[in-house]
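Below you will find the structure I want to go over with you.
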Amino acid sequence: MSKVKVGIIGAGRIGKLHAENLVKLHRVELKAISDIFAEQVREWAGSIGIPHVTDDYKEILQDPDIEAVLICSPTDTHVPIITEAARAGKHIFCEKPISFQLEQTREALEVVKEAGVKFQVGFCRRFDHSLKKAHQTVKEGGIGEPHILRITSRDPHPPGKDYVAASGGLFFDMAIHDFDMARYLVGSEVEEVFAQGAVLVDPLFAECGDVDTAITTLRFKNGAIGVIDNSRKAVYGYDQRVEVLGAKGCVTVSNVTPTTAEISTAEGVFRDKPKYFFLERYNEAFIQEIADFIDSILFDKEVPVSGHDGFQAELIAMAAKKSFAENRPVKLEEISAVQSV
Amino acid sequence: MSKVKVGIIGAGRIGKLHAENLVKLHRVELKAISDIFAEQVREWAGSIGIPHVTDDYKEILQDPDIEAVLICSPTDTHVPIITEAARAGKHIFCEKPISFQLEQTREALEVVKEAGVKFQVGFCRRFDHSLKKAHQTVKEGGIGEPHILRITSRDPHPPGKDYVAASGGLFFDMAIHDFDMARYLVGSEVEEVFAQGAVLVDPLFAECGDVDTAITTLRFKNGAIGVIDNSRKAVYGYDQRVEVLGAKGCVTVSNVTPTTAEISTAEGVFRDKPKYFFLERYNEAFIQEIADFIDSILFDKEVPVSGHDGFQAELIAMAAKKSFAENRPVKLEEISAVQSV
Amino acid sequence: MSKVKVGIIGAGRIGKLHAENLVKLHRVELKAISDIFAEQVREWAGSIGIPHVTDDYKEILQDPDIEAVLICSPTDTHVPIITEAARAGKHIFCEKPISFQLEQTREALEVVKEAGVKFQVGFCRRFDHSLKKAHQTVKEGGIGEPHILRITSRDPHPPGKDYVAASGGLFFDMAIHDFDMARYLVGSEVEEVFAQGAVLVDPLFAECGDVDTAITTLRFKNGAIGVIDNSRKAVYGYDQRVEVLGAKGCVTVSNVTPTTAEISTAEGVFRDKPKYFFLERYNEAFIQEIADFIDSILFDKEVPVSGHDGFQAELIAMAAKKSFAENRPVKLEEISAVQSV
Amino acid sequence: MSKVKVGIIGAGRIGKLHAENLVKLHRVELKAISDIFAEQVREWAGSIGIPHVTDDYKEILQDPDIEAVLICSPTDTHVPIITEAARAGKHIFCEKPISFQLEQTREALEVVKEAGVKFQVGFCRRFDHSLKKAHQTVKEGGIGEPHILRITSRDPHPPGKDYVAASGGLFFDMAIHDFDMARYLVGSEVEEVFAQGAVLVDPLFAECGDVDTAITTLRFKNGAIGVIDNSRKAVYGYDQRVEVLGAKGCVTVSNVTPTTAEISTAEGVFRDKPKYFFLERYNEAFIQEIADFIDSILFDKEVPVSGHDGFQAELIAMAAKKSFAENRPVKLEEISAVQSV
């Protein structure tokens, strides 16, 4: 069986994660990784058998042997790299969000389309067994027409100030996964958004013009309504639950715990907190997401998460941001209108 | 031990329920019940030992022996009966809502205050063991400062058209319990409301100018934010869950099932749906609510749910209705302003 | 509707419990209660409206008005009182066990049979919603032919020395409920028993010639095998779980908790211990058991737990005791053989 | 970092599983695999990058480069291969059971001891997160002195006749994992065993002189008592639960499911069956067991599951077999006595 030759651009936490998953896939050859701090990753790269490390991502794009790239660099570099990679004929896996500027996202997607390469966005949660089952249940009519969507998505602790300042804000950095999940679960586009936010966890969010706590309500084109609650700090761990109520039933996904051990004492019954954070909870989903991307190349299949999916999630994030700023419901078409100017 | 002598006004479903609970309390003597269809309840009343049945509630108010009345008649009769009962020196337990008109509610409460009688509103959920524990946990600081409140409150099936037409609408008839629960759990007044609604269950709601599905977001004075989702039809039964996330933890209350039996077969693992409806789920809460009302009279203690609690819940319902109608967040002070004119 | 007139013999914990449940049933008139310490119960009896209290149970048996008696006196008085009551034509509800001597139990049951009165044994667990559902599931073929039965039955704390000394031992006093449950769930008689025991909780059990911890394995006539584990002390509360594995599935019943509240903190997820003890867990079952006994009189129906059921459970307890003493499996027919001499 | 060079003997289901896990470990070099049907595994071996495939395991033992071997061949070949491998100075990982003959097991372990090589037995369940947490909880005194052990261990479906005929029987083939788990959880050796068995699933077990359903009770040296129930067919999937009740609490481990999705409909609440079988449930445990074996070589640490552990589990299995055959409790010292002749 032929192997897909891959390069990774960006060796931060997420780039390394993908690298470690890729080297275990028999149908992949991970040829190179680039990072602006190449020296700092050289030893790690060697230990898992990546033959080439560079501080210039262009080397990867120019390597005619490499068929596909994973873009794991900072968000503000995504659009230029996507553009170059697509023009170089590389299939592209890009971490979310594609960009903070919808117009730029759209332009990048157009270049991708012209180039005819595969393009997948890193919404890893779609590959989680439980969330996939919820999606399938709704899709196959298992709960009838969807009426109410509920997502709870909370981090175990807030990131540092540097991260927050560059993150694009809670709606773009954190809730964007939930906006994608909302579309994925309900199977309909979002029409209108109302977002409430608050700074309750740490004043640093206010200093960065951001919030750390939010409730976003969504109105879908198919008539369903939904709500997402986000917090940057759930002291008991990464809280990831979804629920869709429909005309004929309700599907819920609850948290995953490291063990099923339960201890009963005179004080009460104690069990594990949820798995610590996204690396633990979505560990298998990250593996599956990359395996599916590789398969879409090998067998020329559609990618499971398209550029359209990336764009729509950003559109909702933009509407949420505007809604919060203006304390009023915002229609997605208002955003598109602004953008198309 | 002396017994409190009680009369009940209104022998519909809820009046009968209170009657059957009262006759089992050793410190109560249920002396009379009134209903405009007195003949239809006479046999039932005899079977549980209520000595007097009348079609004129004034007979109850005029009986000098009777110390307390339960007002279980239709909502539009509450205010005049409260006024008369208070003036007759009777302690009053009144079903929710007190009225559909905030100004009338306020006036009734003023008469009650002048008369110096006890006045309790029928928010029975506050007496549920689980919800009470959630309330206590928050109050005692068990989860730190509250950040996010989440309530799911869904009925197993929609009521009929007659009921809907006279109900005051989803926000006044159904969500009002959740508005009270929100205040009870978070321990703060509500400041602003945004309500989304939809008709997804049955077009009859649209015909009555009502909705059957709603998501209401709340902003509390203490900074917390919250969300309530309501549906008139959860086919799997009465869905009653609450959750408060705080700075130091999270408390959740899940559904109660008729049995804990679970059946595992080749198809999957099956367990009971939640208890069917409010009579089953809040059975013990109904008993406790009345027992506490009786104790507040016997031992001259404060009632556990005051007229202020009844008024606030109506205020939120009013704001939710307005918010839904105008598709914008509504501050509670806007409502008060209108009312004080 | 006519009322069944009832007397209670023995006003200890269980006698009082039945009395308080009976006075709430509209189709019962509780006429009298007897206790050798009559003075100590007189005030309580008055408070719940029992008109007559006596220290001589024969007064109850001689009252021609009384149709049924509840025998709640110490076990060693059961057989003579059953005999007298049956000869006096009273229907009988008798607490478990009927006696510690199988031959005496048999003789008492023969008198009952001759007298033609109703006779019900106090195996209250059969009336628990969850256990009844497990029974029904097995009976209706929901899990196919039963293969393995598992019962966990543990008390929250050990009784005092006086109680233990007079209890008949763990197998007769505590496990007898589980032996009945075993027959009820599997739907087959027991053929052979092997019992292991240990004193791990408190040396007082050894002093009384008893054990506080036991594992009893059962072989049923239908081929199924089963196991019961008992402890006199589960610090986390009354632990009552059952499970039947069959050819087509498995039914399990788990514990019931006072609330469904769950608190998640940085330390873990905490929830309630099981309901404290049998009064809490089987509260509704006690009510139902007496209501069903009353109905079997009123409507001349079969009692739900017969003298045969009482006898079989004692037979298993006897075999368990012998098995533990001799550290070998014991067939029930060995016990019968001894008895029939 | 240096790599441990490994060979695998036997490329059946379990040999392949270990191979696929080994090739993903960066500190291992899997050099060769042997199987008597070498041709049938050559393609698979190539696809995961094993350079050498042979039908003669002696080639592996003679390769001076190979430091460690995994013995995954049929049980009756274990002892001679262990002996040869130890004498060749190879560290050994051996699948369970070491043999069906205690005397042979003992002799093999003596050779291992003389050779001074590492020797680990394949009791993979000890590496499961949940079971390890239960073990740690008991060990650290979290539940006080152990009183009662309960293990439920059921397969999703019975193996075929060929497998059963060569398996050594339920106690040696299946329950042996549970016997090891019993010692691991309680932290004490077993003293006496009573085993009940039945053929309820499939008559083929009777034809092979085996049982398909069993309940085994254990008495431990520290005074605790325990019970294991086994079935070859739980239609709802692989059922793996353990529980230890102690003086200060109880620790339980429940099943693991593929997803946490739950679907509520008018019929009830449905969730996933447990993970299908041991490959799914103990997937991570298999990886960890081999990683720990490799580390014990690399860092010269004690192996986590010793030859003594393997021997003790076989001793219990032997006692269980004898107990079942003779329908009486059997002390382990009886078995040792027989063996030492």
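The chains carry the letters A, B, C and D, assigned in the order they are written, with residues numbered from 1 in each.
Quick note on the criterion: a contact is a pair of C-beta atoms (placed from the backbone, for glycine too) under 8 Å apart; a residue touches a chain by one contact, two chains touch by 3 or more.
No experiment lies behind these values; they were computed from the predicted model shown.
Engineer: Please state, in steps, how far chain D lies from chain B along the shortest route of touching chains.
Structural biologist: Minimum step count, chain B to chain D: 1.
Engineer: Taking each chain's centre as the mean of its C-alpha atoms, which one ends up farthest from the centre of chain B?
Structural biologist: The chain lying farthest from chain B is D.
Engineer: Same or different for chain C and chain D, when you check if over half of the residue numbers at their contact belong to both copies?
Structural biologist: same
Engineer: In terms of contact pairs by residue number, which of A-B, A-D or A-C shares over half with B-D?
Structural biologist: A-C
Engineer: Quick one: superpose chain A on chain D by CA and send over the rotation angle as a multiple of 5°.
Structural biologist: 180
Engineer: What is the distance, in whole Å, between the centres of chain B and chain C, each centre taken as the mean of its C-alpha atoms?
Structural biologist: Comparing mean C-alpha positions, chain C is 40 Å from chain B.
Engineer: Where the centres are mean C-alpha positions, what is the separation of chain C from chain D, in Å?
Structural biologist: Distance between chain centres: 42 Å.
Engineer: Any idea how many Å lie between the Cα centroids of chain A and chain C?
Structural biologist: 58
Engineer: Please set out, as single numbers or ranges, the residues of chain D touching at least two other chains.
Structural biologist: 234-236, 248-250, 264-266
Engineer: Would you pull the chain A residues touching chain B in the complex into a rising list?
Structural biologist: Chain A residues touching chain B: 145, 147-148, 150, 152, 154, 194, 196-198, 200-201, 213-215, 217, 219, 223-227, 229, 231, 233-236, 239, 245, 247-250, 327-329.
Engineer: Residues of chain A touching chain D in their complex?
Structural biologist: 1, 24, 26, 47-49, 129-130, 132-134, 137, 142-143, 248-256, 258-266
Engineer: What does chain A use to touch chain C in their complex?
Structural biologist: 234-237, 264-273
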